[in-house]
Amino acid sequence: MAVPVNAGNASAFIPPPQVYIAPSQGYLEKLAFGVANNQPVLLIGETGVGKTQSVRYLAWKTNNGLRRVNLNGATTVDEFLGKMLINEQGTYWVDGVLVSAMQAGDWILLDEINACLPEIAFCLHSLLDDDRMVVLMEYDGRIVRPHPDFRLFASMNPSEEGRYSGTKTLNEALLDRFPIVIRMDYLSEDEEVQAVTAQSGNRDEDVVRRMVRAANDIRAAIRNEKIFGSFSTRRVIDWARMALSFPVREAARYAVVSKQSAYDAETVQDIVDNYFEA
Amino acid sequence: MAVPVNAGNASAFIPPPQVYIAPSQGYLEKLAFGVANNQPVLLIGETGVGKTQSVRYLAWKTNNGLRRVNLNGATTVDEFLGKMLINEQGTYWVDGVLVSAMQAGDWILLDEINACLPEIAFCLHSLLDDDRMVVLMEYDGRIVRPHPDFRLFASMNPSEEGRYSGTKTLNEALLDRFPIVIRMDYLSEDEEVQAVTAQSGNRDEDVVRRMVRAANDIRAAIRNEKIFGSFSTRRVIDWARMALSFPVREAARYAVVSKQSAYDAETVQDIVDNYFEA
Amino acid sequence: MAVPVNAGNASAFIPPPQVYIAPSQGYLEKLAFGVANNQPVLLIGETGVGKTQSVRYLAWKTNNGLRRVNLNGATTVDEFLGKMLINEQGTYWVDGVLVSAMQAGDWILLDEINACLPEIAFCLHSLLDDDRMVVLMEYDGRIVRPHPDFRLFASMNPSEEGRYSGTKTLNEALLDRFPIVIRMDYLSEDEEVQAVTAQSGNRDEDVVRRMVRAANDIRAAIRNEKIFGSFSTRRVIDWARMALSFPVREAARYAVVSKQSAYDAETVQDIVDNYFEA
Amino acid sequence: MAVPVNAGNASAFIPPPQVYIAPSQGYLEKLAFGVANNQPVLLIGETGVGKTQSVRYLAWKTNNGLRRVNLNGATTVDEFLGKMLINEQGTYWVDGVLVSAMQAGDWILLDEINACLPEIAFCLHSLLDDDRMVVLMEYDGRIVRPHPDFRLFASMNPSEEGRYSGTKTLNEALLDRFPIVIRMDYLSEDEEVQAVTAQSGNRDEDVVRRMVRAANDIRAAIRNEKIFGSFSTRRVIDWARMALSFPVREAARYAVVSKQSAYDAETVQDIVDNYFEA
Amino acid sequence: MAVPVNAGNASAFIPPPQVYIAPSQGYLEKLAFGVANNQPVLLIGETGVGKTQSVRYLAWKTNNGLRRVNLNGATTVDEFLGKMLINEQGTYWVDGVLVSAMQAGDWILLDEINACLPEIAFCLHSLLDDDRMVVLMEYDGRIVRPHPDFRLFASMNPSEEGRYSGTKTLNEALLDRFPIVIRMDYLSEDEEVQAVTAQSGNRDEDVVRRMVRAANDIRAAIRNEKIFGSFSTRRVIDWARMALSFPVREAARYAVVSKQSAYDAETVQDIVDNYFEA
Amino acid sequence: MAVPVNAGNASAFIPPPQVYIAPSQGYLEKLAFGVANNQPVLLIGETGVGKTQSVRYLAWKTNNGLRRVNLNGATTVDEFLGKMLINEQGTYWVDGVLVSAMQAGDWILLDEINACLPEIAFCLHSLLDDDRMVVLMEYDGRIVRPHPDFRLFASMNPSEEGRYSGTKTLNEALLDRFPIVIRMDYLSEDEEVQAVTAQSGNRDEDVVRRMVRAANDIRAAIRNEKIFGSFSTRRVIDWARMALSFPVREAARYAVVSKQSAYDAETVQDIVDNYFEA
């Protein structure tokens, strides 16, 4: 499922070179299928599981600009589509982030799409429908159609998934506009050891592997609702990097344990103690 | 109930050519009756049942422009009727989507009409009443009357229908202004097989028919409240199209199962397994 | 109680000629008394009972302009009294619908007056009080007094009438400003048959009479809380008109039954079946 | 307690001549004491008991302008103190109703003072305090002190008086700024007969007296919580006036009974029947 | 703890000469300590206990301007710090009440500080912190430091003091910025008799003393939650003044009893009866 | 972990010289590590524990400007990133506090970060992510990258820490962007005696030590939920300073006891009595 490199592209939004350990589960392949077939892709997964990173990596590899916008309920249609401003010649129109990306041919990644305002959802309907257009009703009613390089991705968090939540928290009509939905999980132990080493600069593989195992124990404790929160690969990287300057247990105190509430800190400390004796 | 083709019409809102498998239940005939007699029509049905598509198809067939607006509570009278803007000559008026369509003689489809703001409902009253006009109180009090080609459609979702909901969620006074109300249902199996084949490009009729049967089983599970959500024809099309590039069960994972919450995914997977063995 | 015709009046708001079957209960006579004595009249009745129509008819008969405004809580004092706009000479005042009608000598009908904002209620107090004036505090504090032809009507719905609702939902202080309050009911059977025939063009009196009887049975079911909603004369007219093009039972499906929720549809279908066998 | 006539005063807000039957309870005397000593007076009483009328009458008698403003929570500081507007020379200040009255030397009556916004309450504190001034912070910080003829009155409704309501619903700090608080009650029977006759033009004293007795029975029913609402002298006047054109029982239907909810109408009809047999 | 008189000061906000009976509890001494050491002082006490008066008196004695602002949740940062206005040269800055007082060297008294908006609390933090400055982020980011004569006082009401209220209703971080907190109580009987006589002009000491005793009995009833409200010295003064023109019991009716709800009026009347027989 | 002095820096936001008793727990060392490695640091601790002071001290020592902003939910993106203003040339952009600090190379301390609005959290994501930039969507979409001297700190209060609060009240995604999280506690007794003496000017070590012990007893009472609130070092300093002018117990009344609610005051008074007999 080859995605061609967008050779001549000079967008200011092309990501810097990335170190990325692609997970073995074929997520990238499905992302690439969406890009190749010009179909929007929705990514669902925990904080820090690598949703943004996978899209950013693919954008870098294919030389496409990537813009991000968070639709957490505070983003208005003004910011999304555009709005009128005023100067001495009167009012003029300024494109919002979606219209700007649509016209520049950049990719766009919509974070927390399940929390978007209904009027933003409706903009997306007509963009992702057979209509494939956006009408600037706030401006002069003009019709905007996407540049051929434009692609749309969305991501959301399943963390409040209870009996009646999950994908359902995304409006069914909007969910229906995403032909491809990828549910992402954490890296495998080996993949994560490799990623942490590469990104923290900490080359002590034994230490890093013990850190990853501690991370996985903490994740299990979260899954079993013994403690609250999430535990990203990024947090392991911070720990590993801090352990280059401080003893590994002291580094754990400031990079891992202190990020838990007083109630959960003890459990986390026990897990750390298990891998790194006092 | 012939609707004449609007031959000379050059509206930018005429839909592109459509592939549409008209359902056998006579919905189109009633839509056409409304158009011919200049009476507004209200369509009630589940997400993805084809409400928008039927109006879009008729607009295309008769060469009429079609505009859509979602009245989900976030659409203000400003966007609907128009508003004052300011430039160096002072303020000036910009028509909203309704007034613009009324004057251009385009058709308009109002989505989620049951959620419209009361002041929008009131605009609609005087447009759909014997008065057949809209007064631009926000502007200079001028009276706008519709172009002879203007037609109005509305749609809404019955999905929260409980003992005291249903049509009732639409204000009685507004409901009263729609002489014709059509309740739409899913396509029959044969109709849906035909529609999925035509729109996905997947010509393996046996596979597509099994997909449609799985879809109908999932719909039954939703109706019986075993799982939550809805299941549109569009979702079957996505699955069929993805199955051209991936094995049918892997395609199901990304196009069907991942769109359910973790709780419901198992039920849906079982139904898929039933038609496509592992 | 003769109301003189306003012979020379050329208001753009004079209603078009009306077909109106005046109910036999003397409502028109009391309306005329209010007009003749320059006293505001409040009309209370179900949706579709003919509140607006009776005022519109009287306005047409006497050649007076009639403006309507809905006070459903979304109408602001800006729209009601007027507001400042800005152009290159600075700000200027634009009259709202009440002030505009007061000065033009048109009649005004305030819909859903029981839902009006408190500041609008207060404007009405000083207009309907001994003061008989409105002060434009938002402008320059000027005092507006009504043109001699100006008349004020209000209407509201008793439909949520429970033990503690009814007229009470209208603020007592405002209710007190209406010397005349008319509670309107549906037309009698004969009156309604006559009205439906005249307005639908369906001259089959036997069919129309059966439709009216079905309507009255449905109204009884609503009154007895077996089903929910309301059933206006307008709905019978739609049915009668549709029955000119479709079989009467098929017309009932789209003009009557589909306007009920799934729960109530069966009851309504039974009533229809009673008058029009399958 | 003589209040001098403000002989040379030409305010546009001087009320027109009033017919006013002063109640025998000495309210006017206390009002006059407040005016003479330049102390604000608060009037508490039911809707229609004559609070506004007593102040209006005194203003007319003494040739003082009277302005009214309702502080029901929708009146902003902008309307009360003033606000900046914009024209081609930039912004300029427009006085609000309080500042305008303070400077013109008119009286002001604040309705529903118990519902005023806290920032309006605070304006009143510094006006009614030893400071006796208002600071226009929204403008340029200038200090406004009242014209010697300026007087301030306030009124409120005790109707929601329960165990913990009553005067208490007025902020204690604001209540403290009114040295004189008058609790007003309905007129006595003789006073009311006289007032109704004078204001309705209905000179049949026997009929009017029976109407007043019916009104007092209805008021008793309200006090005993058998029915809901209030019953002003104004309502008796409307009835008496309508009875000049219609039979007294038919007049009762449109002027009295129809103002009650369906639940209470029967009780009220019984009382009417008691005085005017069918 | 001598506070020097600010001899040359000509602020328009210097209070007029005051009659003030300083309470014997040393409050003034602590206020003076705060002024002398340039430390903010917080006053806590019931409505009418004399919080404002004590600061106003000290300002008058020392010839300092005093400005007041109520922070009851409706005061915005705009009014407090300043805001941009617009004229023909574009926008310009207008100082708010705090910045204006800081620069003029006036004192400022913040009423109801426990109800201030969080962003106002934050302004106060950086003013009262070691930073001793305010940054005008809304303007151009400039830093304002206080004039040497500037002093800050705050007051609040403990009246809702329950188990978890009291000082706690003031944010701990803000409370921490007030080195001195004074809890004020009512005057002693002799002090209050002296104050009432001086301020009402009623020189009948026996009558005034009985009024003060009645006031203290009412206060006890409030403290014991037999009745609701508060009872300020001001209210006794109003009564004493009205008793110069009306019999003392009639004066009590309009100045004391009518300020209580119907439920509490009887208790208050009994206390009055106790000191002034019918 | 040496942090170089920013020798040539002339920022107006460099703090004045500070007296600071560095706690012995190595907090400063971790702060310095964050500064040296350009990693954001989050400080968690009670009001008055010294979070702000530690950053301010480090800024002063290294000659860096420090700006603070409180993100308590009232700070908008406008104030944080910037906004459009208008003058006679039309609209122009004014940088907000974050962008201003980012470009000037000042440090910024974000107070109450756990209460920040979601759209501010999102700004911080892209600043603290691999992107290390902020996009000014409200302006012209330009990209701002931080000056090399720019550093970011955040602080928050754990005071509502219950079973499910604590760090969790900070959004996990944002918490994840802080590699270093420091939980700060009160000073030790000796450290606090030293700090109070240095900052209050009260050199009576015996008295100060007893004050500190009383403070620690009060803190214990708070921790055990016997009383409510917090007790900062600042409060001990105020007491010690006031005790230079008043007897130590009278000073306690105004600097310590009066800051507690009526309910808690007794407990606090007992603790004071324990160290300073009556």
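Labels A, B, C, D, E and F are assigned to the chains in the order they are written; within every chain, residues are numbered from 1.
Convention: a residue touches a chain if its C-beta (ideal position, glycine included) is under 8 Å from a C-beta of that chain, and two chains touch if they have at least 3 such contacts.
Source: prediction; values computed, not measured.
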Shared chain contacts [chain A and chain C, defined touch]: B
Chain copies touching (chain C, chain D) - same or different residues, decided at half shared: different
Chain centre separation (chain C, chain E; CA means) in Å: 54
Whole-Å separation of chain centres (CA-atom averages), chain A against chain F: 31
For chain B, residues that touch 2 or more chains besides their own: 86, 88-89
Arrangement of touching chains [line / ring / star / complete / other]: ring
Ring topology as an ordered chain list, initiated at chain B and continued via chain C: B, C, D, E, F, A
Of all residues in chain F, those that touch chain E in their complex: 12, 15-16, 18, 47-48, 56, 67-70, 72-75, 79, 85-89, 94-97, 100, 111, 159, 228-230, 232, 234-235, 238, 241-242, 245-246, 254-255, 258-264
In the complex with chain A, residue positions of chain F that touch it: 1, 30, 33, 37, 44, 84, 86, 88-91, 117-119, 122, 125-126, 130-131, 135, 137-138, 140-141, 143, 158, 161, 163-168, 172-173, 175-176, 178-183
